[in-house]
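These notes open a run of structures that come right after.
Two complexes are shown next, each including subunit A; its partner changes from subunit B in the first to subunit C in the second.
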Partner chain A sequence: MVKFKIDNKVVEAKEGEYLLDVARRYGFSIPTLCHHEALGSDGRCRVCVVEVKTRWRKRIVTSCLFPVSKDIEEVYTASEDVKLVRRTVLELLLARCPESDVIRYMAAKYGITEPRYKKDTDKGKCILCNMCVRTCENIVGVSAIGIIGKGPEKKISPPFREASDACIGCGACVAVCPTGHIFMEDKDGIRLIWRKRFELAVCPKCGRYHAPVEQLEFISKKTNVPMEELLVCTNCR
Partner chain B sequence: MLPNIEIYAPNVVPKEEFVVSGHRACQGCAEVLALRHALKIFGKDTIIAMATGCMEIISTPLPTTAWTQPWIHVAFENAAAVASGIEAGLRILRKKGKIPDKDIHIVAIGGDGGTADIGLQALSGALERYHKFTYICVDNEAYMNTGIQRSSSTPYGASTTTSPAGKVSIGQQTWKKDMVKIAAAHNIPYVATACPSYPFDLIEKVKQAKMANGPSYLHFLSVCPTGWRIPSEAAIKYGRLAVETGIFPLYEIKDGKYRITYNPEPLRPVKDYLKGQGRFRHLTDEHIEYIQKRTNEHWEEIKKLASLK
Partner chain C sequence: METDRAKLDNTIAKYGNDRSLLLSMFQDIQREYRYLPKEAIKYVCEKLNIPVVKGYEMATFYKSLSLVPRGKHTIHVCMGTACHLKGAPGVLEAFERDLKVKRGGTTEDMLFTLESVNCLGACALAPLVRVDEKDFGKVNQTSVKNIIDEYKRGE
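Let's turn to the complex of A and B:
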């Protein structure tokens, strides 16, 4: 166990634990966009920055990926430097996604209503936090989407910007997206997501659409529950 | 039956619990389920002011508590007033530098009695003063914890202990009070209805309510197996039926704009919803037809409001 101070409060943590987890355990609030307890950290949004003072120097780090070690003497979660960096990060994010309510709300807390930089128009609400990709890979287990392109062209998409065979239309990426960028629509028995059209299964008992056929087939294969049982919607089951 | 269905979206809901086990809610209580999902989104930095009601009775018999967030029990009528006091107090303490500059959200929770009957005045005042807080009404359609007395939120035709069905009366004789419209009439940034049978919809609305720049009002339909006289395992099912029959439409009003968040069309006949419930079992076809007519009118009205952009 290592002892150090966060904002003048003595905390204890295991070596190797991430700073964000320690701070949250002791009740400090550090905002994040790309951190999720089921997915872990990826260090992409850069909103979770804190200032770490070691024996030799002070520096700004992303708390979600900074492991606790014996060298840490003190951590500041709301010093002037931290606020400045966080404000800049949020301003850049807001310039990238001016439509996003979540980022606008977070930025407003740091006094930013309009970014100084030129606003992007082609990025939608996506901040490239990679959470949807990690969910697809680690939680659903199909890896239907990924990051494609480089530099300003970088975006989340199925391979080759085409409908992916791997996607099962479960919508877990929609649920996890912090800004609500991913588009999903159920209409007239068709689910539209990631440029792919999914046929929705009809419940034989009540005659309503409930889940994509491909998703049910995937679950059936994975759990060995027969398809006939899965076709009945959760309401009639 | 389906052990691995939770491999998807449910896995990305926050795992920390704020309503912990050991409380005394009835078997199959959907009210505590709704609050459990909602408080997960509000997170650790939240202060709750809760009016007397089911949720207070079941969670805090004297030496114990089921809440891990700061929680204040207030009288039936002033949950909203206390919440606005907390908000104003915190603002001043923050201004004076006595507490760290944290984003603390205030939530006031009341049952349908505490909201629609007794606490309406305090709620209206708090909404009008534009305090930044969220009011949650957990609506189980009667005063359940004192023995199922009627409230103004009890639906037409329901039999309760103070509006019993018999030869003279059919039970509750007035239509349910539309609290959502009353809240929306204060021109507040966010008003929504939600049902714990649709947890992702509920979570999404709680997120919006938390971000609203001013007061927000959430109306949860919380199925009560004890008071509605249904088997306890059917609570989720009746929540879904209420939505699918159009009796409880899921919609939100954001900055005055209506949006239907779940479109159950084609609507099921209301009979599906009414027939299994003990509180409605005396209803004749005539009454059911009347309820069907009013329900359709209400649904058409919401649809019309939602299409106006």
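Let's turn to the complex of A and C:
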């Protein structure tokens, strides 16, 4: 266990624990856009920056990936430098995703309503936090989408930018996306997502469309629960 | 394009079915077909039990891999700072005009793919053009013609 201060309050943490987790445990609020309890950290969004002071120097670090060590003396979650860096990060994100109300709201808190940078028009609301990809790979376990391309052209997509055999239409990526970028539509018994059409299963008890047949088949195969049982929606089970 | 399964199997075997060597496999396939056919990406990934999207991520990340067929020769026009100052934009334009393709494109006869790069590390020779592995220094509009002719004659 090591002791140090976060915003002047003494805290205790295990060596190697990430600063963000320690800070949150003690009730400090640090904004994040690519961190999720179930997914861990990925260090993509950079809004979680804090300032760390050691015996030798002060510096800005991404708290979600910065391990606690004996060298840390103090951490500041809202110093002038932290605010400056966070403001810049949010300004860049806003320039990338001017349509995102989430980013707009966060940026406004730091006094940014209009970015100074040229606004992108082709990125939608995607900030490339990678949470959808990590969810699809690590939680759902199918890896239907990925980060495609590089540089300014990078985007989230299924392989070959077409309907993917791997996708089961579960919509977990939609649920985890912090900005609501991913398009999904359920209409007349059909779910549309990632350029793929899914037939939705009808619950034999209440007659409600509830989940893509392909997703239920996937679950059935994984868990050995027969399809007949899975076809009944969670409300009627 | 038809991809030869047996050949792909050989490539995979050559790298001991080791999925961490996927890039090497892709490079071999790229060399063979002068691009990475979609079927090849799918086949290799499935064989190695890698999600297809991982192969596609890799294929779209590395500049040496291409998803569309490339020309027999790749012309790299250096657009780095030194070359830029020494007239690289004019050189690129000359290539585009003479080959009738835009940067990144491939000629109809599949002989040339035109690319730009940022600094090939031989700035003293600016403006520099690299065709496959061969460098041409101090290029001007006339030498652009000569370079193209040299490779066309080689056919």
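Observations on the structure shown:
The rule we apply is simple: the second predicted complex is superposed on the first by the 230 of 237 C-alpha atoms of A that agree within 3 Å, B and C clash if a C-alpha of one lies under 4 Å from a C-alpha of the other, contacts with A are read in each partner's own complex, and residues count from 1 in each chain.
The definition used in the following text is that contacts are C-beta pairs under 8 Å (C-beta built on N, C-alpha and C of every residue); 3 or more make two chains touch, one makes a residue touch a chain.
Model, not experiment: these values are computed from the prediction.
In the superposition on chain A, no contact is made by A:Cys48 with either subunit B or subunit C. Of the two partner chains placed by superposition, only subunit B is touched by A:Val102; subunit C is not.
Of the two partner chains, subunit B is the only one touched by A:Ala38; subunit C is not. Applying the stated contact rule after C-alpha superposition, one finds that A:Ile30 touches neither subunit B nor subunit C. Touch criterion not met for A:Ile72: it reaches neither subunit B nor subunit C.
Within the superposed three-chain model, A:Ser143 lies in touch with subunit C and out of touch with subunit B [touch as defined at top].
Legend: residue contacts after superposition of the two complexes on their common chain; A:Cys170 is shown touching subunit B, with no touch to subunit C.
Subunit A uses no single residue to touch subunit B in one structure and subunit C in the other.
Across the complex, subunit B meets subunit A through its residues 1-5, 7-9, 11-16, 44-45, 100-103, 200, 208, 211, 213, 237, 240-241, 244, 268. Subunit A makes touch with subunit B in their complex at residues 7, 24, 27, 29, 36-39, 78, 101-102, 105, 109, 135, 139-141, 170-172, 174-176, 206, 208, 219, 222-223, 225, 229-230, 235, 237.
The residues of subunit A lying in touch with subunit C in their complex are 137, 142-150, 158-160, 164-166. On the side of subunit C, the complex with subunit A involves touching residues 38, 41, 51-57, 60-61.
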